[in-house]
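Two complexes follow with chain A in common, the first pairing it with chain B and the second with chain C.
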Partner chain A sequence: MKWRRTWAVAWKEWREVMRDRLFFAMAFVVPSMILLVLGYGLSLDVENIPFAAIDYDKSALSRDYLHRFIDSRYFDYRGEARNVQQLDRLLAASRIRFAIIVPPRFQERLAASRPVAVQSLIDGVFPYRTQVSKGYVAAINADFSAHLLTDAIAQRQGIPRARARQFVTPIRLDARYLYNQAIRSRWSMSSGLIMLVLMVSPPFLTALGVVRERENGSIYNIYASTVSRGEFIVGKLLPYVVISAMNIFILWGFAVWLFGAPFKGDPLFFFTASLVYVICTAGIGLLVSLIVRTQAAAALLTMVITFIPAMLYSGLLVPVESMGRETQIEAHLFPTLYYLRIVWGSFLKGLGWPMLWGNVAALVAYAAVLWSVGFLSFHKRPRQ
Partner chain B sequence: MSGGLRLWLSRLGAMTLKELKQLSRDPILLVVIVYFFTADIYIAGAGVHMDLNNAPIAVMDHDRSAASRELIYRFRPPYFRLVREPQSIREAVRLLDEGKVLAVLDIPAHFQRDLLAGRQTVVQMQVDASNAMLGTLVSTYAGRIVARYGFERAKMHLGMGKAQLQAIPVVENRHRVYYNPNQSDPWFMAISEMLTVITMLSLMLPAAAAVREKERGTIEQLAVSPLSPAQILLPKVLAMGLAVLVGAAASLFLVIQAVFHVPIKGSSMLFFIMTALYVFATSGLGLFIATLSRNLGQVVMLVILIMMPLLLLSGAWTPPEAMPAFLRQAMHVSPLFYFTEMSYAILLKGAGLGVLWRLMLELALLGSLVFAFGVWRFRRQFG
Partner chain C sequence: MGQATLVEASAAAPPMVRVRGFVKRYRRQVAVEGVDLTVRRGEIYGLIGPDGAGKSSLMKAVAGVLSFEGGGLEVFGHRVDSEASAEGIKARIGFMPQGLGLNLYAELSVEENIDFFAQLRELSAGVLAERKQKLLAMTRLAQFRDRPMKHLSGGMKQKLGLICTLIHGPDLVILDEPTTGVDPVSRRDFWAILAELLRSQGVTALVSTAYMDEAARFHRLSLMYQGRVLAAGEPEAILEQAPGSVVSVEVEPQIAALRRLGTSFSQVEGIGPRVRVFVPDAPPEAAAERVGATLAGFRLKDLKAGEAELEDAFIALLEKRRLTRISPPASDASYVEGKWGRFDPGAPGGASDGASHGGTGDPVVSIEARGLVRDFGAFRAVDRVSFQVRAGEIFGLLGANGAGKTTVIKMLTGILPPTEGEGAVAGADMRRAGQAIKARIGYMSQAFSLYQDLTVLENIRLYARIYAVPHRHLRARIDWVVEMAGLAGVTGRLTGRLPMGIRQRLALGCALVHQPRVLFLDEPTSGVDPVGRRRFWEILIQLSRAERVSILVTTHYMSEAEHCDHLALMYAGRIIADASPEAMKADLQATAGQLLEVASDRPLVALERLQRGGYAGVALFGRRVHLLARDVGAAIPAIRRELTAAGLREISVTPRAPTLEDVFVYRIMAMERQAREGIQ
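Right, the complex of A and B next:
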């Protein structure tokens, strides 16, 4: 392998990319765009749920109860409904996502120390939000009940309210959030998405670059030249690795300055590990380019094999430990899992080489396998 | 005149057939399209459960009493799974750092003594919040478990029997969940993924078909043929739209209905009419992309560039009410917003034209505008 020839291929490729202004701009715009859109769009904070209510009791206590929902920042009150049919219509038209019905004799029954069931209707189209809404309702009800119960016990047993309160809630859970004290989903998402973007964009660039030569037929120039297959592959991919390496800095900047994610780890470690990851994912693009013949197919196939693992098997949405056994094995077959540990470790946990070296080693091994397979299956003499 | 029309139609037919043949001769592309409409939707539906599922936790029990064991026992599947009992704080922090556990529960000494004496005790929990959503779920569920246990202890402590339990003033939850009573995640995820796939392919395929002609130079042959620009363009939209519709039917009936048991409540005919309308609108955008790009690399980049905001503004990830005000207004420019609303309304809520006519009209209007714009750009370039 001669460096001069490798360099010539790389330089030719770099000039080709530079001359395609639109493509060159997009190579930087698209990764940032994905980070911005998903970073803002994948907000899983459930707030301002629009809701309506029916109060059949119209007592002081029922109003007090409903105000716990109306005043909550999790709910957005859209007015009182006349009857259940109206609630059904509002739910069907997505005007409200949740409705609450206070039954008649609400105050009377509670004053007589008897339980009351309050009906809530919840839109179930988006299950995660439904689950969270249910949790809010349960929490408000529990709080309201504890309040009533405290009063009742204080009255019945003739003890002070503070003491009665201790009876009602004998155990308190004091949760402390490590690494992300205010549990901002922006912090997790913006940093975690670096993993997704760098999984998707380098393979796109490399696969399109190689397949374009094949589709246009200009690859025959390479076949006929003195450039060896190793020189061709390295030279061809080098510009795309460089572009992606620049993207590491851009994405890091967005996560830190725009989304305000803290970077607590070792920058040198992070960029070294990220470079290994980019070389690794560029190798995925190389393999795709060897399978397909047209650029359209290359783009779609890359989408398939990069987006899904990055979303589902990386731990971004579902932690690996919570997956089934088979899914866990699959998750370990993709590089995304290891790199996400590096990203969250560097950004939020402040870890470095001592704790994370194993993950970098896994990425190195992965890259070595991908590039070797790519090298071995690329032939300058296409078999007929 | 009718002869002219017949000629026009026969040319349209011939060109559509040519596009379909060309599509069928790229086997890998076909395989990928089939994959998108079946396996991809299955994986998206089956893979993501945004709920707590066997979250690994560690426990430091400083009390080692019957009461503390009883509490620990309640942290069990399906939500939690006890994996370790670290001996020191250092070890606990190390487990959290390595991501081996998501939370460490810390039960204080004298836990049982305080409970029996009626004094309030505090159980601590360190939660790994590097994934904010999971951190929230962990503390919500843990809070619920601890509260329920506390409430039972309180009742025991106050010496309440069965009869007296009837006599406490509490508000009980009676939830009724509409449209997806068991809150099955696959219902939502699979439909959402299908809409994404339809969007992506109806943007990409017509654009790719048009740009390929440019890239290979065959566009010149078409330009000197007796075909009008409309006769070159429409067949691409028709052929690719047909492929997308067939794919949508496959994923709706073979995956969403057959595998995930989504009860298709509304009319599937209405759904397909609406999908056709939507595909027509987005392929207009695809043609616009085709006029901007000279090669497929550019097409792919532009497709992603246009698709991402469409997805964000669709309401499929973040419903309108959770959006900032200006984005809520911007959603009305995204055809996918109307498509998403109507798809869930038809498939899960069983809505018919009576409810949907307005959205449908708006989509038709928006679609015609977008399509007309795409054709206008294309004509200007090649007319």
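Right, the complex of A and C next:
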């Protein structure tokens, strides 16, 4: 391995990327764009759910009941509907996601200690949101019922409301949220997306860079010269690793300053582990470049084999533990899982080497395998 | 002197490359089958053949960048049979792959490109500086050091590629089609530089080309076709393998003469107002007699007989090996005027529409360009181009890649709006009647624009529908296309699986399905072998002569230009010559002088002497030197005297007819000189 030749290849590649507008954009603009677009767009928080209501009772109590929903930060009250047909239309047009119908004689029946059924229509198209909405509705409804019960007991027994409340809800849940105290999905999402961007961008650049040379024929300069395949691969990929390393800083900055995610861990550990990760994912690009012949095919294949694991098998959207057995095994075959643990561990949990070294080791092993396979399947005297 | 002797005494030297029974397969497809080849030290060895002949595969294998399936290969006496053994020869080899400038880095400057290649080869700074200086000076690129490669012209890219291939001082350079798509001046320049390198550094070269007329540039060559070597040896020796003469005569009526000749001779072409016949196994005089006898009863004018060219020999050899069948252009009956095609003279856009452009008695103008200009940003691709094409005329627009030919066609066909200027096609104004123009013209693009996954018949039918051929004429039109293009046996085959030559004729048929009066052909023959090219031109001649279709064709094959009735040469967006081929040659002889060919026992010495002697247009063609002389009577003895004084022997000086390439080289150089003087 001669460093002079390796350096020649790397320096040539670096200048090409920096001068080619399209490549420059792919190297520095696209990664940040992905983070911004998905960081803002891919929020899993269910808030501001639009709803409407019909109050057939129009009593003090029914207004009180509805205000529990109207005042909640989870709901966005769009006004009162005239009749059920209008609600149907609003639901069908997705103007509202659920509706509440308070029946006539609501107050009267409750005062007479008779049960009342309030109807709630919930849009079930997107099950996750439906479940969460239903949970909120049920919680508000239960709270209101408990409130009424507390009032009734206090009145009947002649005891203070605080005492009566203890009878009604003897067990009080005391939840403390760790790591992400405000339960902002934006924190975990913006940091988690670093994993996705660094899974997609380095192999994309690498694969296009190598395939472009083959498509043009300039690869023959390498084949026909005395440069060894190791020198070529290292020199060719080095600029892309450097660019991706710069992107680690840029993306980290976006997550911390723009999305306000806390970074509690060891910066040195995080950047070291991230560097291993981009070396590893650049290796994926190297393998892609050896399989396909055209830049279009390289781009497509890279998107498919990087985006899907990063989205579905990393634990970004669904915790790996909640996946099926086979899916869990699959998830462990991709580097994304290990790196996401490193990202969230570093950002939100403040962990470092002692807890996460195993994940770094997995990435190192992954990178070693990819680069070795790439090295062995690259030939300077190919069959075609 | 020493080096020159080396070249000429090369037979005794050990071979640089030895290939035995070479076989290369791509999956199941055989690309090269049993090729033998020996390249001697110090020679320029040529591989000539059309696309798909196997040249590239062979060259890549010799360069050690492609594995092969059978046979033996030795380079510098070193056996190359594995990736590891191939590494052993690479320090002494320079390889330039096919594709003009494609192996260079567009974003890097000229100097950065050179430096990169030097760094790959671990050249020391001192050696690099010295060689770079020398090569840049030789190629006249020194003033463009800092220009990004993407802004170089085709000829400059090619020279830069050559520098990059030579920067490490290889013993053997392998150059894959270095001259394809380059303007004629740059081509000549390239050969001159290569000859100079050969002289000064003792570099051996293995060079491929698709241009048959470049054969004279090689010391020895192999003529390749479909993975095999048809013939090998010195250019003269190959001609001797298929002996014969070429007879050229102006004849009236041309179509009937072609038909008559087609019954007795296999290689018959119409060129401008003339016909050109290859007569096998006959010296010129006998050949002229035979052609004269065959054409008894026709009006003959200016009958000439002379030596055959390599392309004639190539086709004759193919016939001898029964690798191809040169049928008469079409069935006999089809040559009867009027029956062959079913053109409706009253069709819209017909000849009568354009009559207003010409005065009474003038032939009808079918295509007219007046001061066409097209800018792309700051770059002027087409600069004040004007010309006229008359009905039934074949008009050739010539120029290198990037000269602006395609842009002109796109403007005339209404695809691209011009920045300035106007044009009329088939009587319709190009700017206002875009749609009307499209119905009156046929257009065949460089890429053939056929649907590869449709059958031949489906493609024809599709084009007929696109051009709204009335339903009642559909059947007749399809039959006409099938007959005209000779597609009878392949109508049900998938287009993508057909050979290039047939695809090309199909594309032509599709462009003609709606009976256009004007036909635009954009590089229709690139990549097609000589047999296919000739067949194609036969159809074009027929269309123009019998059907009075006006044809505008672009090409960068100078030999093809001879077929055109009228030519315009484009250079850097401008038309720098506009006349008939004959007039252009006559003009060259009138202004620059007669072309002389000088043969001697030591051509490199002769070249140097004659260059120093102040002759115009001195260039090396293989073992001979060409130059231009105003006063032939005085020049011939003077040249003899000078070369004899230099100690050369076997000197002969013979006048030769100039080719179109000579014309264009002269014109372009005159223009460049003008531009330089203008700056000063």
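Here is the rule we use: the second predicted complex is superposed on the first by the 376 of 384 C-alpha atoms of A that agree within 3 Å, B and C clash if a C-alpha of one lies under 4 Å from a C-alpha of the other, contacts with A are read in each partner's own complex, and residues count from 1 in each chain.
One rule holds for everything that comes next: a residue touches a chain if its C-beta (ideal position, glycine included) is under 8 Å from a C-beta of that chain, and two chains touch if they have at least 3 such contacts.
Source: prediction; values computed, not measured.
In this superposed model built on chain A, chain B and chain C take up the same space, so to speak, and clash.
Once chain A of one complex is fitted onto chain A of the other, the partner contacts of A:Asp20 extend to both chain B and chain C.
Judged by the touch definition given at the top, the superposed model places A:Leu121 against chain B, while chain C stays out of reach. When the two complexes are overlaid on their common chain A, residue A:Val227 makes contact with chain C while staying clear of chain B.
When the shared chain is aligned, no partner comes close enough to touch A:Leu376: not chain B, not chain C. Of the two partner chains, chain C is the only one touched by A:Ser218; chain B is not.
More residues of chain A are in touch with B than with the other of chain B and chain C.
Of the two partner chains placed by the overlay, only chain C lies in contact with A:Ala8; chain B stays clear of it.
Looking at chain A, you'll find residues 20, 216 touch chain B in one structure and chain C in the other. Residue ranges of chain A in contact with chain B, taken from their complex: 20, 22-23, 26-27, 29-30, 33-34, 37-38, 40-50, 65, 76, 91-94, 97, 109-111, 113-131, 134-135, 137-138, 141-142, 144-145, 148-149, 152-153, 166-181, 183-185, 187-189, 192, 204, 208-209, 212, 215-216, 291-297, 299-301, 303-304, 308, 311-313, 315-319, 321-322, 327, 341, 344-345, 348-349, 351, 355.
The touching residues of chain B, counted against chain A in their complex, run 26, 28-29, 32-33, 35-36, 40, 43-44, 47-56, 71, 96-100, 102, 114-115, 118-136, 139-140, 142-144, 146-147, 149-151, 153-154, 157-158, 166-181, 183-185, 187-188, 200, 204-205, 208, 212, 215, 292-302, 304-305, 308-309, 311-312, 317-319, 321-322, 341, 344-345, 348-349, 351, 355.
Residues 2, 4-5, 7-9, 12, 15-16, 19-20, 216-218, 220-227, 379-384 of chain A are the ones touching chain C in the complex. Interface of chain C with chain A (complex): residues 26, 60, 63-67, 82-83, 86-87, 90-91, 93-95, 97-99, 102-108, 112, 116-117, 119-122, 148, 164.
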